[in-house]
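Listed next: structures, encoded as structure tokens.
Heads up, the next two complexes both have chain A, just with different partners, chain B and then chain C.
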Partner chain A sequence: MSSLALENYLIVGALLFVLGMIGFLTRRNMIIMFLSAELMLQGVSINLLAFSRFRGHLGGQALVMFILTVAACEAAIALAMILVLYRSRRTLDVSVWQDLREPTVDPILDPEPDLPIAPAPMPKLTPSGVEPKQPHETSHV
Partner chain B sequence: MFDDPQSYLWLIPFLPLLGSAIIAVFGKKFLRGWSHVPCIVGAVAACGLSVLAMTAVQSGHDNVVWRSLTWFQAGDVDVKLSLRLDALTAVMLVTVTFIGSWIAIYASSYMHGDPGYHRFFAAVSLFLASMTGLVLANNFIVLYACWEGVGLCSYLLVGFWFAKPSAAAAARKAFLVTRLGDIGLFLGILILWSISGYSLEYDVVFRLAAAPEHRDLLAWACVFLFLGAVGKSAQFPLHVWLPDAMEGPSPVSALIHAATMVTAGVYLVARCTPLFQLVPDVQAYVAVTGAFTALLAGTIALTQTDLKRVLAYSTVSQLGYMFLALGSGLMYKNLAAYAVAAAIFHLVTHAFFKALLFLGAGSVMHAMGDVIDMRRFSGLRKVLPTTHWTFLIGSAALAGFPLLSGFWSKDEILAVVHGASSDNPHAAIYFFCFLAAMVTAGMTAFYTFRAYFMTFWGPEKIPQEAYSHHHGHADHDDHAHDHHGHGHGNHHAAPTHASAEPAKSHFESGEVMLWPLRVLAVGALLVGIVLGPTHLFFDFLQNHWMKTSVGFVDPKVTLEVHHNIPIMVGSVLFGLAGIGLAYLAYVKRPSLAAELKNSAKFLYHWSLNKFYLDELFYALFVQPLAGLAQMLRMVDHYLVDGLVDAVAQIPVVFARAARPIQNGLVQFYAVLMALGLAGLLIAILLR
Partner chain C sequence: MTSLFAQARPVSLSVDAILRDHWAVLVPVLLGAAALLLLLPRARRISPVAGGLLGGAALALAGLWWINRVGPLPEIVLFYVFAGLAVLGATLMIVQSNPVYAALSFALVILASCGLFLLLAAPLLMAATIIIYAGAIVVTFLFVIMLAQQAGVSNADLLSREPFLAVLAGFVLLIALVGVYDRTFDKPFNRDAYDAAQKLHALSRTPKLEDVDFPAALKLADAIDEQFGKQEEFSKNKVLQNFLVNLRTELSDSGLELDESQKQRKLEKIHDHANSLSGLLRLHPLLVPEEGTSANQVNAVLPRENVRAIGKMMFTEYLLAFELAGVLLLVATIGAIVIAGRRSTEDLK
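The block that comes next holds the complex of A and B.
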């Protein structure tokens, strides 16, 4: 069981944390940012679990239980808030909310132009309703 | 339970206090037109207990001290909520609660329909509680607390119609002027406290402060105590608040002038007689102040045209008499006991007839549609028959008409002052005081009967307000009736409200207001002759207060009642001359009044304008203080506020530097957090 050294677990945890942090700092889509934050939490959890396992101390596992619980609550609240924010501006881009800055500070504009968004194709609906009358097929055989 | 006064003594102030609390809590929502009930019940119950206490004193419980509660304790100071009962207290209690009860009954009709009905009775009840507490107190701190309670209630009641600017100003004036005196009282108490080994109980103070080595400090203490009395009992120069206090409703005037408030100062000096009689110089000062005030107020009252103001100045003048008597209680001549008894006797008789006069003036005012200027009505003796004869009795008693109550008590005072005006270092002073008192007696008779004749004699004249007032009042009553159902049976029986009735008597007040007048009139007739020449009052005070109290220097000397016949005749002649002059000038030959006015224009104007004392005080004290306040306001506005504002600018400067980092980008905040955490970690690691 303890064939793998502690460092391996810590490296995985650190990688997860760093990936999450990079995702959080570079993406502007609120849902992606939220997922990145979850990733950071999981990196920390692995870290805690590894120490807990190798030191034979249950404190780390208890903390992870807490992290799971908190993450669940946080998911509920964060998604609800994202929904509200989306409804008020019709976009998930977090940078539109920078008008919450101090009134005297200039806004920071993205120099890259937005990619043209292809209009979503019209949905294809399965037919429904009363089937129109068809000429009765008769066999000519 | 009623054998021992200890068991019910505390109830005497407590019952009115409870009544006040009940009215204050439930009055506005539930009691409304019934708000007078707790007040009257409390006052009458307190009166019954006071009479019971008086009989207990008579039967030997004459130095009862009830001390079951500790109020506060700090180091050597141990202040108990202790009460004492002796003859002086019993007399004051019975007077205060008896008069107060009748005034409350009168007010239940007088104030009927006022939107502040419950507020009025809550304050009246609290007033009675404070005053009974004041006379029952057994130490100076409880006395001081009740003293301030009385001041507070006077403020509330004088400013009862606070929406009227003049009433609000009068209330403020009453409060501030008496507060000047209260400072004196407090300083006096502090001096007594320091020279009596840090005790405040009367007995201890009277015993220890009498030590000869404290005589100088004791003199100062007495001066300061007297200053408190000067403020509360409206003596010169702090008398200016009392006439303005007429802005309150008439029952309040009666309460303040007769039963409560102004008698507090007289009571205080009487209670501290064991101290005052040790310092004859201060006593002379008390006597001179009293005599001067009596003369001054009497002179002012000669020309006032407002019926209640005449009575107010007469109160000031009569209080001057009481202080004159108290100041004449010299030890040399074994006068102390007699002088104090005379002052308290005058206090009691004065309470009866002055309450009667004020309630009578209130009845006139009620009938005349709140007009109180005597030039606007006259000849009311047919219109207000009951008010007329009760007012006549009150006036005669005040004027010292032979055999009425004022005659006996005033005569005692004159005899005391005359007794003091020989064989002592201040004899000359007392002789002038005696002359002033004699002249004042004549003036008292004149101005009292001037007011009486102007109001009730001459051609019948009723101001227009009286008619409209009655009309409005009746309307209001019908309205109230709809709301309260059968609640006011006795008020409606009163002819006052039957506005359709054409008879003249419909101006007369209702029975609820007339019965207190009748009862007090009987009191004004009989109190003097029952208690004075029979020595009942003097023996009671002497046997159950002076002999049993600590510190009276000459308690064993029997009171030889100085029925000094020449003085008696002299004062009666002065009084009758005053009445006759008033009759001549205001009934027989009305032109005489105008001639007198013209022949002494200068004096007339000085008297009419109260010797310009208000203006003098305004220029001497109010304006410099207002200027000082304005200056301090400038200092506050520019210096203090400026400093505070300057300090407040410092965080603003720092905030301006930190503002750019609030740029609204979530990622930027996250980077800052990460960098900050990294910096912290590096700092910890490299440490």
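The block that comes next holds the complex of A and C.
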């Protein structure tokens, strides 16, 4: 008999769920938002499995099986949609899709200033030509 | 009528009382919130060192808090390693500005939670999750990230939207969840007294006062009283005592001479008192837990042959859901092909 309580697993599940929720709410990259949704599913799965273990009933494991199926479907559809959205706007930022909002709602502009962003460190190569200018993306509508 | 749960433990809303009782929970949670707030990408970069240190301190404190409650066993050590890795990976995933690293951190979360699955006696699901999530989904994600590779960094990855409000909302939810687990979850209780109170409650669930079996009800009240005598902590609890005394006064005469409305009121009183008593007994923790009273510990047995049992279950109890899942997969496959295969008008030109 172990002295690990059901509560431990529930707290880990709750933590994963909360982190996924925060990620979904704050991040603007569609891929990371989707990963955050998967993270929430993972937290729920841990909860279900813990209950299944501590109650001695396999129903929880069967439910997690279905969660896996739905997550796989979700991944396929979401990735297809992300590809289509990327093709039409050339960015993964969800804010550029703000024109899908209700007509009466004001656009959301980020309160943080649109500071010039430090360019990512480029690999040091022998210069063989002119370095192309990096396009600067913005989320403002 | 006083509320049922208000007296389970005296609820003190003063700040210092909450700090005194729950500081061990509050400190790691608040440290974690601060760490996340520092780590989320902003326009003004803050050094990730401070956030990382704060997050590590939060995890270590939370770990110590738990190890204080339980002794070190291999299973427990494994649990903390996997749980810590899962939470660490999840935090890294949402604070990474590079989506490739985020996807890899997600793979770390999956692997760590698969370890937890194994501890929870679910080997089939562990294998399935590794194959489907870490194998298929993460790899597909990496493909999409490569396909949709933006030239250079973008604003979308470097700035997060409303970090303060989101972290606040998330951690309020977390405090609520952990607080509820901490406060009420499956503490050991006196089962004999609780069962008697439940039976009493069931007895009084009749439309008319005349239907209540008074001798049996009195006997049950005596049984509760006997349990109270056995445990010293019960005799100190004034609220419990009051409920029992009131219940016994109501039960002492069968009230046949009363008029209809008074009878109805008496019946309601008995019903309410029995209900409150059983609720309070359920929530009143024992100082010395009796053997096997808590469902919080593993005392349940799962079938030894996991795959076989799940397969049997899938094809009997969950057959319809299983077939529907197959249809769902087919529809999702077709849908993904239709959506992604469509060329946008710009591409055709």
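Annotations for the structure displayed:
Just so we're on the same page, the second predicted complex is superposed on the first by the 107 of 141 C-alpha atoms of A that agree within 3 Å, B and C clash if a C-alpha of one lies under 4 Å from a C-alpha of the other, contacts with A are read in each partner's own complex, and residues count from 1 in each chain.
Here, contacts are C-beta pairs under 8 Å (C-beta built on N, C-alpha and C of every residue); 3 or more make two chains touch, one makes a residue touch a chain.
Quick caveat: nothing in here was measured; it's all calculated off a predicted structure.
Upon superposition of the two complexes on chain A, no clash is found between chain B and chain C, which fit side by side. Of the two partner chains placed by superposition, chain B and chain C are both touched by A:M21. In the superposition on chain A, contact is made by A:I108 with both chain B and chain C.
When the shared chain is aligned, no partner comes close enough to touch A:M40: not chain B, not chain C.
Of the two partner chains placed around the shared chain by superposition, chain C is the only one that A:R55 touches, whereas chain B remains out of contact. In the superposition on chain A, A:S95 contacts both chain B and chain C.
The partner that reaches more residues of chain A, of the two candidates chain B and chain C, is C. Note on the superposed arrangement: chain B and chain C approach each other to a least C-alpha distance of 9 Å.
Overlaid on A, the two complexes show chain B and chain C touching the same residues of chain A, namely 21, 25-26, 28, 94-95, 108. By the touch rule above, chain C contacts chain A in their complex via residues 36, 40, 42-45, 66, 70-71, 73, 75-76, 79, 83, 86-87, 90-91, 93-94, 96, 99, 102-103, 106, 109-110, 113, 116-117, 119-122, 124-125, 128-129, 132-133, 136-137, 140-141, 144-145, 147-148, 150-163, 165-167, 169-171, 173-174, 177-178, 181-182, 185-186, 295-303, 306, 309-310, 313-314, 317-318, 321, 325, 328-329, 331-333, 335-337, 339-340, 342, 344, 346-347. By the touch rule above, chain A contacts chain B in their complex via residues 21, 24-26, 28, 33, 94-95, 97-102, 104-105, 107-108. Chain A contributes residues 1-12, 14-16, 18-23, 25-29, 31-32, 34-36, 38-39, 42, 45-46, 49-50, 52-59, 61-62, 64-66, 68-77, 79-84, 86-88, 90-95, 108, 110, 112-115, 117-120, 132, 134-135, 137-139 to its touches with chain C in the complex. Interface residues of chain B, counted against chain A in their complex, comprise 659-660, 662-667, 670-671, 674.
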